[in-house]
Amino acid sequence: MAGSTYGTIFKITTWGESHGKGLGVVVDGCPAGLPLDRSDIQNFLDRRKPGQHRYSTQRKEGDRVEILSGLFEGRTTGTPISMMVRNTDQRSEDYSKISSYYRPGHADYTYDEKYGFRDYRGGGRSSGRETIGRVAAGAIASKLLEELGITITTYARSIGPVTMETFDREEISNNELCMPDAQAAAKAQQYLEDCLAAHDSSGGCVECIVHGMPVGVGDPVFEKLDANLAKALMSIGAVKAVEIGDGISVAAATGLGNNDGFTIDEQGHIIKTSNHAGGILGGMSDGSDIILRASFKPTPSIYAPQKTVNQDHEPIDINIKGRHDPIIVPRAVVVVESMTALTLIDALMTGMSSRLSNLKTIWGKH
Amino acid sequence: MAGSTYGTIFKITTWGESHGKGLGVVVDGCPAGLPLDRSDIQNFLDRRKPGQHRYSTQRKEGDRVEILSGLFEGRTTGTPISMMVRNTDQRSEDYSKISSYYRPGHADYTYDEKYGFRDYRGGGRSSGRETIGRVAAGAIASKLLEELGITITTYARSIGPVTMETFDREEISNNELCMPDAQAAAKAQQYLEDCLAAHDSSGGCVECIVHGMPVGVGDPVFEKLDANLAKALMSIGAVKAVEIGDGISVAAATGLGNNDGFTIDEQGHIIKTSNHAGGILGGMSDGSDIILRASFKPTPSIYAPQKTVNQDHEPIDINIKGRHDPIIVPRAVVVVESMTALTLIDALMTGMSSRLSNLKTIWGKH
Amino acid sequence: MAGSTYGTIFKITTWGESHGKGLGVVVDGCPAGLPLDRSDIQNFLDRRKPGQHRYSTQRKEGDRVEILSGLFEGRTTGTPISMMVRNTDQRSEDYSKISSYYRPGHADYTYDEKYGFRDYRGGGRSSGRETIGRVAAGAIASKLLEELGITITTYARSIGPVTMETFDREEISNNELCMPDAQAAAKAQQYLEDCLAAHDSSGGCVECIVHGMPVGVGDPVFEKLDANLAKALMSIGAVKAVEIGDGISVAAATGLGNNDGFTIDEQGHIIKTSNHAGGILGGMSDGSDIILRASFKPTPSIYAPQKTVNQDHEPIDINIKGRHDPIIVPRAVVVVESMTALTLIDALMTGMSSRLSNLKTIWGKH
Amino acid sequence: MAGSTYGTIFKITTWGESHGKGLGVVVDGCPAGLPLDRSDIQNFLDRRKPGQHRYSTQRKEGDRVEILSGLFEGRTTGTPISMMVRNTDQRSEDYSKISSYYRPGHADYTYDEKYGFRDYRGGGRSSGRETIGRVAAGAIASKLLEELGITITTYARSIGPVTMETFDREEISNNELCMPDAQAAAKAQQYLEDCLAAHDSSGGCVECIVHGMPVGVGDPVFEKLDANLAKALMSIGAVKAVEIGDGISVAAATGLGNNDGFTIDEQGHIIKTSNHAGGILGGMSDGSDIILRASFKPTPSIYAPQKTVNQDHEPIDINIKGRHDPIIVPRAVVVVESMTALTLIDALMTGMSSRLSNLKTIWGKH
């Protein structure tokens, strides 16, 4: 079915393949009146652009975005915002070989079984380039959140076995790996060199902190804020686990250790005394920072020899060529941030009508 | 907004509160022609019924389901199936105290902030009894899956610090904790006795194995099968992490170790040589077993004293009374299974139109 | 697929068959804080109750509604409101004959072809009793609209060839046919007597006027307010045409005659100088009254002999027995009103986020 | 909210403004394996292209479509098909005047009230050029329908007071007005000359006949096939009424005259003896031709002087300049056909799972 649309009121639809004419997104439902220009989008896209460092694919794409609709005199008009990035550095000949067999860890086999055939060039729609549309849309969602005083900080928490031990927000943009800990980043770089030498690749973990969320965003039952965030993050290729707050460690915890007490701050506001819950209670934001983690599997495209089968159902040995990232985590940071932003803004918008008094506030003005 | 509906084509809508007149669900979009009777539903509900063992709430509810529509002469008709369970053992007086303050780990505070007030009796809509509708609907989804040769096995993988070490399917229904390992179950029971003695509670982990899925179910990009399963499981109260296949351990893995090779089985079918991916590649089922895990936080209602605040923004000390589960994991097993079944059947139904040839197969018959 | 759910944020799901245990609806997404009691719903249901006059079915149903969830201390809580009416006067034996053949003008044949078989008792799900859920939900939607100063007036504009010539709002509830013109009502009654004598039935037209809508409700392109109203009304069984404002007569009009000019009223507000558009411009409310008309076909169940076929594909002659309305229009008035109210409240709720400033207004409060 | 997406499984999202960079559509959920090339789309777009005859706007747009994604080796891949048409002949200076006032019959005022401001150039998003995306998507839907043996014939039934009296399918493409009756077309042309001379414009009616629909497509209750067709057609700008089959005339009919009997044809199939219902019973296709009519209001942009108000709430007199169609009906024919095709293909796709046996047919293959 149609699987390329995300959101209820703030709705995005992405399109495009790795080696097609380009990739893009239509953002529908963006409120009118947001100041926006091309650089807001481009800055986000530049954070996921390939070819920026030694650990990302050497494909050279400018990934220059064009805004095709939805803006007038520097502001969003409330109509769909269509954005497009043209592909320029496809080298489809690299991929002619893979048309006949199924790469381990990739979606080649499942695409063929679902659709009967596939656009095999560069992974087609299953390429990481699919996230261009998500990030372009995420830039707009993030800007809306900023207008409401909500900010998101995202970084690589771990690369392979190397986990951050200190947190310095400034450091995130200082190193190529987007880690908030310079020492860990240095260790991780050494680890990646070892992976490269072994023709291997590495997994990692991205963490995301949302600050400034109002209380009561998200809906009980199926549309819980954490449920939607889990979907958002798990929908990113290569993510195999999503955690909120203390995550998997809650399974071994006890109630006394895990419960967050409430108290009153100096301004008289209710706050929690701890944040094991990661900012969400009963599916609704509780005013504390929202804390998310996504675990990424290692890039499946590796240079080391592997065993697989071809479309004629014959076992074969393969050596994958092409231009691949030995680690996708640093480039995935902005994708996680974008999916988080998209989920939050939609929850804020759908949540406006939870009280009759809110309806009266908005429609009484008219 | 409306958060009590789940699914695109196979759609369920749940309703009801802990201490209201009852709880129920409307299942819409169920294909016509499925043999179904009340016992199919009741058997599922009995697996989550309270009061069955020492580690669950002592509330006595028969949870007897009534089917109100959608069946005719023992088969589903294709019209909505409405099902209801009446509450019978509410003791709302137990809860009068909690109306004025916010219990740690519960949704009292977030409900009040979202809606302006709340039905505080027994947690209202945020009670675990909300899952009755999910399980009644899950029974139908499971029966449909069985008709397609798809089976789901679900069990407690860990209780607090005690994790299963062996797997014996028969054992799952032999012990009160739904663990597939009798020895681990015995250890876990001892652990729970200690928790009870300390007026504390325990978390745990539920694991779910889906066998027999066709290849190619699920949609690339936002409607990935794993993304929807993550949402499904994270939408269950108390779940703080969802993992697919190797889950969080992929972050520390390398490509060589994590990639699943392909080979040909004796019948000439393509199969994977391992299953780190947990049965899903690129968001679509790959024919291997689908493996899911959900981490549950400890029951927040504990008898030990806690600190919190009341609605007047005053810090207070509380001792929660009532009838609570010291561990919800054993009763949550069938809830995880139900949410998984609901997600799979919807993906199978929305996935019927992925190829033009399928459209011709169905509509050429008419 | 699931076709029994309506609405995006204010979402209703109906269930039930003519001769099943009952019929009902779950209303999800109702804002918290609306004062509501059973009589609000019952009053609406009483307007469509059978057996009230000579021109409606003689089936005697109290249609007494039970509210099962979503209320606390007299107000809506924001959680799903489940409502049910038990069937009490089914006489299924009346229908045993129709199980084997296809009644002209009914959905017997199409149900069988779609689902493979059908619950034939009283038309099953295709019975007019299906509208009970719509009307119960419509009562809530109407009450919300009233809180926003929006009122709806609905009436029979014509019965067969008899069309109203004068408009007296008080008169609508004075005559059995819900016409705002006593003289026309008298003529229409005579016409219906003639129909009854001929074992025939009559069509008619229901008109609906919405007063007090704010300007700018509805969305351009596919979610135009008139598009959604057209769907809402056409989804009522027996409706074969929907008109907005001047309706079909616009086809023969010219721009000079059809355009509504703008001017300024005494309070300095912009108003239109005429209302050919029926209160909607570009898919959004324009502040004038919204004017809708739905044309209902004659009741297909008539006592006169008809030709049809049976399930064995044999031509047969039939005489339909049972208890049927010779005219459904008077009872359909409240159904049209309900579907209109449901569509408007959903548009108001989804429309709250059209401007960034609205988002700031709501979320700045928190 | 997001109002630019249409469909459940076959989902389209349109974007673009009259004087922006271009307009386009993303078609998501198209089954894989449909042969498709640019000319399939271009042929449809050419039917709505401006500047083709004396009665359409003199704006010269090639409306050349570019397909950006979703095709591989001449077939659809199952991934989103993105299509774009660049604007080339905008003359925004024509519109600078209208920025300050509200044109009668246009959406200027409602846009301003909804969003706070508007892109006034050429009507922005409310321009008829918005339908480019609908038609490009409709071309694909129509091609899918053809593969299933379903064909659609659409034409101008009336222009102003001139209604067709004979039906000759070949004639539809012979005259500039798309009427199936050459004599009526000649009369209508004379009528339009009179309108032009009077600086006035004309309305008209478009009729659409669907042949070859399988029985049982569409869903009872809210997702009735006629309900969705009504929404589809009413969502086209300028449509003020939608009729199915006998349409508004059913209100004055009796059951005996309106009921369609059933009989058996020579092949032993069940057929109807008449088609007052217009091919839909109980919201599902009944195998007869589906008959739809949409009434279009006259083009609101006329050269004759009109009275209106400006944004400062002052009454003013205006003379609208620009390049406008005195009649939009001929160009709207393909828009009606496209919206019909989009609605039908989505109903066919969502309807595949109505029976358990269908599920087994599709998933048993894998």
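Order of writing sets the labels: A, B, C and D. Residues in every chain begin at 1.
As a convention for this text, a contact is a pair of C-beta atoms (placed from the backbone, for glycine too) under 8 Å apart; a residue touches a chain by one contact, two chains touch by 3 or more.
Not measured: the values here are computed from a predicted model.
The interface with the greater count of contacting C-beta pairs, when B-D is set against A-D, is A-D.
Distance from subunit D peaks, on a Cα-centroid basis, for B.
Chain centres here are Cα averages; for subunit C and subunit D they lie 26 Å apart. Inter-chain spacing, taken between the CA centroids of subunit A and subunit D, is 37 Å. Separating the centre of subunit B from that of subunit D, both taken as means of CA atoms, is a distance of 44 Å. Touching two or more other chains at once are residues 1-5, 8-10, 14, 29, 32-33, 78-79, 113-116, 125, 215-216, 220, 349-350, 353-355, 357, 366 of subunit C.
Residues 1-5, 7-11, 13-17, 20-24, 26, 28-29, 32-33, 66, 68-70, 72, 75, 77-82, 84, 113-119, 124-125, 349, 366 of subunit B touch subunit C in their complex. By the touch criterion stated above, subunit C contacts subunit A in their complex at residues 8-10, 29, 31-34, 76, 78-79, 144, 147-148, 214-216, 220, 348-350, 352-364, 366. Remark: subunit D residues 1-6, 8, 14, 102, 104-107, 109-111, 113-116, 125-126, 130, 158, 160-161, 195, 198, 200-205, 215-217, 219-224, 226-235, 237, 240-264, 268-270, 273, 276-278, 281-286, 295-302, 304, 306-309, 313-315, 350-351, 353-355, 357 touch subunit C in the complex.
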